[in-house]
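These are the structures, in structure tokens.
Presented sequentially are two complexes of chain A, the first with chain B as partner and the second with chain C.
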Partner chain A sequence: MKILTTVKKVVDVELNIHVENGAILDKGLQYVINAWDENAVEAAVQLKESHKADTTLVSLGSGDNTDIIRKCYAMGIDNAIHIDDPALAKADSPTFARVLQKVYEAGDYDLVITGKQAQDTDAGQAGIMLAQFLNIPCVSNVIKIEVTDDSHIQVSRLGDAGTEILDVTLPAVITVSDGINEPRLPAMRGIMMAKKKKINVMDLAGLGTSFEDVGGTAPTSEIVEFMPTEKRKGGQKFEGEPAEVTAKVVDLLVNEAKVL
Partner chain B sequence: MSPLFMTLLLVVGLGIFARTMYQRILLLMALEPTDRFNRIKDRLKNMVIIALGQKRLVGRKKERASGIMHALIFWGFCVLIIRSITLYGEGYVHGFQLPLLGESSVLGYLYIALKDIMEGVVLIMVIWAFYRRLVVKPPRLHNTWEAYLVLGMIGVLMISDLLYDGARFNLIASYGNPGDLHYFNNPTFGQEFLWTPVTVLAGNVISGFSATGMERVMGLMFWIHIITQLAFLNFLPLGKHFHVITSLPNVFLKSLDYPHDKIKLLDLEDESVWEDETLGVNHLHQLNWKQGLDLYTCTECGRCKEVCPTYVTDKPLNLHDFNDTLKAELYANADNLILRAKLAKILTGDAEKDAKTKEKMAVFKPEKALVGEVIALDTLWACTTCRACEQVCPVTIEHVPRIIAMRQGQTLMQGEYPQELNTAFKGLERNGNPWGIGYDKRADWAEGLDVKLMADHPDAEYLLWVGCAGSFDDRTQKVTKALVKILKAAKVDFAILGTEEKCTGDFARRTGNEMMYQMMATENIEVLNGYNVKKIIAACPHCLNTLKHDYPQMGGHYEVVHHSAFINQLIADGKIRVKKSLAGMLTYHDPCYLGRYNEIYDAPRNVLNTLSSQGLNELPRHGTESFCCGAGGGRMWMEETIGSRINVERSKEIVAENAETVAVGCPFCLTMIEDGMKELNKDEDIKTRDIAELVAEHLA
Partner chain C sequence: MTNILVVADIKQGELKGSTAELLSRARALGADTAVVAVGAQVKDLADQLAAAGSDTQYIVEDASLEIFSANPFAAAVVKAANEFNADMVWFGFSETGKAVAPRVAVQLEAACATEIIDVTIDGDAVQIIRPAIANKVLQKVKVNAPKLVAVVRAGAFEADPEIAGKENVVALDPPETDTRAKIKELISDASGEIDLTDADIVVSVGRGARDQAGVDMVKDLADDLAAGFGSSRAMVDAGLMAHNKQVGQTGKIVAPSLYIAVGISGAIQHLAGMNGSKVILAVNKDPEAPIFNVADFGIVGDLFDVVPLLKEEIKKIRA
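Let's turn to the complex of A and B:
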């Protein structure tokens, strides 16, 4: 089984993100692997261990992703491709999905595993769009993958009403949720040994396409402005007789907050 | 007596002994090197005080009686060695005496008197030891047949020598010296037996024999003594009584680093160490020879487990079993280890040429994995690195560095470590703190307190090292704020690093994650040296210890002071004034990394005594024998699922003392003890406070 898994490098959202004039300030920002993609990598590596799957990782972006790719190597990924093209800095989800489609078509993959969404944009579209473009099955929000045979897998997905269990014919795209596994922290030995592994870096031309080809020049959506989230205000504390306080609270809810 | 028989006994006895010792030494030489032959003067001093002086046996109040017993047996043996040589001589030369110890010198008389008394004393001690093992049965002792056999042998040695001399006395005094037996007789010092009351007493006990019978007794006792002694000598290297031979060298060769052998600074950039998996201790042959000698020397006295916070709370770490198991594994694989070491010597460093040799070396690998099979994972990860065991070990065995080296092997090479640590490691990697809170929030606690940043005030006299707990933990932030209040009151010129500070890497290092530790240390040292920081105040003993003892290995040299010592100095210098108004019973919990690791015992006590109206009340386990809170050695970041909880055990001790306030000097202790009090529903009655908080509350 050949598995393609995708990773995105995202801003660490644990940190305070400063916004000025509608743009994110590049001050004190740190970049990490998108957490759901880490789940995807872990899922792929687990399939490698249980079913001798061959795993390939692809990361898209503009700039150096060596650090996060090395980490995935240390986790157990076999091959890595990095599509490094400055044009991708302004790409939207469909464009990313088109690039992934090109990567998919260049290899002979049975299964694509992606994170269900990225922590930075929370769009959650690239994986699903990829399946659409390839016209193959897609299951999102997956929390369990089991291999049935060479051309079938059974997956559990978290649906609105509970867990759904689906039989899927390969090839297919699976987007995973964090409930699927606890990504391993690679052994230090793995990290050091990963330094020697080669990363296949190429730009869009190298992939046999162009920004225009993948729809980058005609984006379907555009980021207009970033706005800082409002700080949570402190609560109010009322003291006194229960009847008095109740009356006061009701009054505020009706007249000030206007929620009743 | 009989030169032929004596020669036979000596050749056989010493021959077998030499062969055993040769094997034991070869085995040590097959282990990793470590330099223990520097600073001979300091080493001799240690040997005189700790080994010859039996410091840790007679020095501990709790164990003084049995300590004195052991010391007297040991000193008795030291005295009797000279007597033994004389007896071997007697086998060849009638009336053999050592130079200076003959009848012409007072030294000779003093010696026989001392030997006489010591034989009596040792015999009484042996009887007491039997009684202790059979009747009293202290829980720390392993009651094995070996112990009884050895005690029995010592008893036989004493009795046979006393009866030999006693029979000699009877023959000389009562039967007119029929065999022309030699004895001391000097016009000034008198006759030998005037100096040996115990011998005379022994003679009286067997006075009923005829002259011939007495001669037979004398001969019999002589040979019983010689044979027992040679048998004893050969028995020693086989079991725990090897310590009789190895203790003195073991103490002499002990690490002179403080407080124990420093954790090795591993070269992580060297690719070959990762390929050959040579980091840490994952295999027997990776122990160094001194660690092997430690194992030879473990006497299984059980002092270590008795003070071990994990053992008393039913965790699987039992240090003397740990030692014993490793020793047995070492012996079981001795031949293979020696053969492997021979091959290792011909390695050239050229990968191609060495491939074949390495293949051959791999054949000699022990069957069982060192960690996982020989030593269980739960055992290895239980240790809190509190050093209570090392502090009490009479033969200075260093358990903690060995445990950390084994953890390094697991963490770096195998990736086998308690998975709870993942979150903390990830937090370090991304945000420089084990909680994983955004690094940019590190100085949020200081908002509105007008605390200067090093970046704005690079010439500050002191750097206040806040630490992760002091920066991110709500409870510990109060300690940091209290400390800031004190420093401001004393007009100390200080600044903090703010978001430039990162975890010192203490817990990463002690859980074997040398890579993460070096990452943290490198970045911190770069920042500290960039500001040319000289003096640091640290409110966390773990930070203090790492900054002070670990960072110099990587080029960070600072004068680091714990806040309790700093506050003590501020009070002494009159820079702050405090009211003696802390009411109620006050006690103090010594943090391991402050006390046992850095010998800071008095400063916190001075401060507390200054505050408390009724003075400080000590806990039963305090000072060097303080009981760990359970959070050291990275345990803060692991689950405690086996046995009872260490912090609750400690909290119970505090509750039993009727304390109203318990003072601590470490953020981990603060969390653990406070949690323990909550668990016992005592958090309303007993306040857990950092020294800084108490001082800030009582500033005049």
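Let's turn to the complex of A and C:
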């Protein structure tokens, strides 16, 4: 089984984000691997261990992704491709999906595993769109993957009515939720070996395509401005004798906020 | 004129409030409205769908639609969108919406936007606003494609009780079942539970509750309030709460009138799932817990003392 997993480098959401004149300031930003993609990588590596799957990772972006790719190598990924093209800095979800389609078509993959969404955009579209473009099945928000045979997997998905169990014919795209696993911390041996591994870096031309070809020059939508979120302010905080403050707060909820 | 098709949010046979919220907003924008209802038993909802503010009700009913399946659901929505000549298709915030919207967008060659909180239409120019980066920034997005498929964030729009549509039911043929992603089984969420995303009050439990006994105590408070019962990620990871109870960036997004966070420190991912709540009450023994930075009311104290007291006080006012 050949697995393709995708990773995105995203801004660290734990840090403060500053917006000025409609743009996010670079100052103080740090970039990390998208948390849900880490779950996707872990899921791929587990299939490598249980079913001898061959695992390839692809990262898309503009700029150096060596750090996050080395981390995935250290977790156990076999091969890595980095599509590094400045044009991708402003690409929308369908464009990313088209690039992934080119990567997919250049390999002979049975299964694509992606995170359910990226922490920076929270869009959650690229994986599903990739499957649409490829006309292969897709199950999103998956919390369990089991291999049935060479051409079938069984997955569990968190839906609105409960947990849905599906039989999926491969090839397929699966997008995973953080509930699927706990990504491993790479062992020292893995980290040392990861340093020696080669990363296959190419731009869109190297992939045999162009920004126009993947729809990048005619985006379906584009961000025109960033704005700061209106911050909630902390209100009244009560400390002291529990019975007293609890009664006080309930009174405020009833008579001032009128929500009880 | 803009034609907006709203996808009815139906859970366990019941029409959810988000449908009227979206239809109200669509009408306020001056749009012609229609709704599409997809499921095994949805015909009977037609009058409710009209009352919610739609002027046409597309009904896609078939036994095969009993359990959610993304591709057939998307095919049904696409069919309705084409019948209605929809410029926009709106979904309420749900796993169904998140799974189906990108599929519909590709098939309609539309732009796709998830978690939107506002839409403006100015002639042909359509713009949307949506939060990003765990709700730390807002994006203003210009829609270039002639059509837009959007998933609306919970609590973004309000239902206008004055608004009503008219009944004009159009039955559409059911879609084909998906043979490549075959539904085998649905393990239903416990029935009779209050729906987290639709509840007027939500009580969530965090690590401070420590163990099953702590969780049960907080659950009692939720039950007394007829509130939805949610969780921080820590409690899900600890196996004390089910995945579908997780409130946050990756789980459920809620926007109730009152959100009560019990023993939750307030990680940024959790805040992203609940900071649209009207009023937030936090109970935490750490006065420096970040949850207090967003809470309208905070009680600094041991939840094992405070929760029973809260229950008592609530009993008094409800008596």
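In this section, the second predicted complex is superposed on the first by the 235 of 260 C-alpha atoms of A that agree within 3 Å, B and C clash if a C-alpha of one lies under 4 Å from a C-alpha of the other, contacts with A are read in each partner's own complex, and residues count from 1 in each chain.
Everything that follows uses one rule, which is that a contact is a pair of C-beta atoms (placed from the backbone, for glycine too) under 8 Å apart; a residue touches a chain by one contact, two chains touch by 3 or more.
Source: prediction; values computed, not measured.
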A:Q101 touches, of chain B and chain C: first, second, both or neither? neither
First, second, both or neither for A:R189, with chain B first and chain C second: first
Touched partner set for A:G28, first chain B, second chain C, both or neither: first
If touched residues of chain A are counted for chain B and for chain C, the larger one: C
Contacts of A:E14 with chain B and chain C, given as first, second, both or neither: both
First, second, both or neither for A:F238, with chain B first and chain C second: second
Chain B versus chain C as contact partner of A:L158, first or second or both or neither: second
On chain A, positions contacted by chain B and by chain C: 14, 16, 182
Parts of chain B lying in touch with chain A, wherever the complex brings them together: 268, 271, 274-275, 277, 411-415, 419, 422, 425-426, 430-431, 436-441, 499, 513-515
Of all residues in chain C, those that touch chain A in their complex: 11-12, 67-68, 70-71, 94-96, 98-99, 101-103, 105-107, 110-115, 127-129, 131-145, 148, 178-189, 201, 225, 233, 236-237, 243-244, 246, 249-250, 257-258, 268-269, 275, 278-281, 287, 292-302, 305-306, 309-310, 313-314, 317
Chain A - residues contacting chain B, complex: 12, 14-16, 28, 30, 32, 182, 184-193, 196
Footprint of chain C on chain A - complex, ascending: 11, 13-14, 16-17, 19, 24, 36, 92-94, 116-117, 119-125, 128-129, 132-133, 136-141, 143, 154, 158-169, 172, 177-179, 182, 218-229, 232-239, 242-243, 245-247, 249-250, 252-254, 257, 259-260
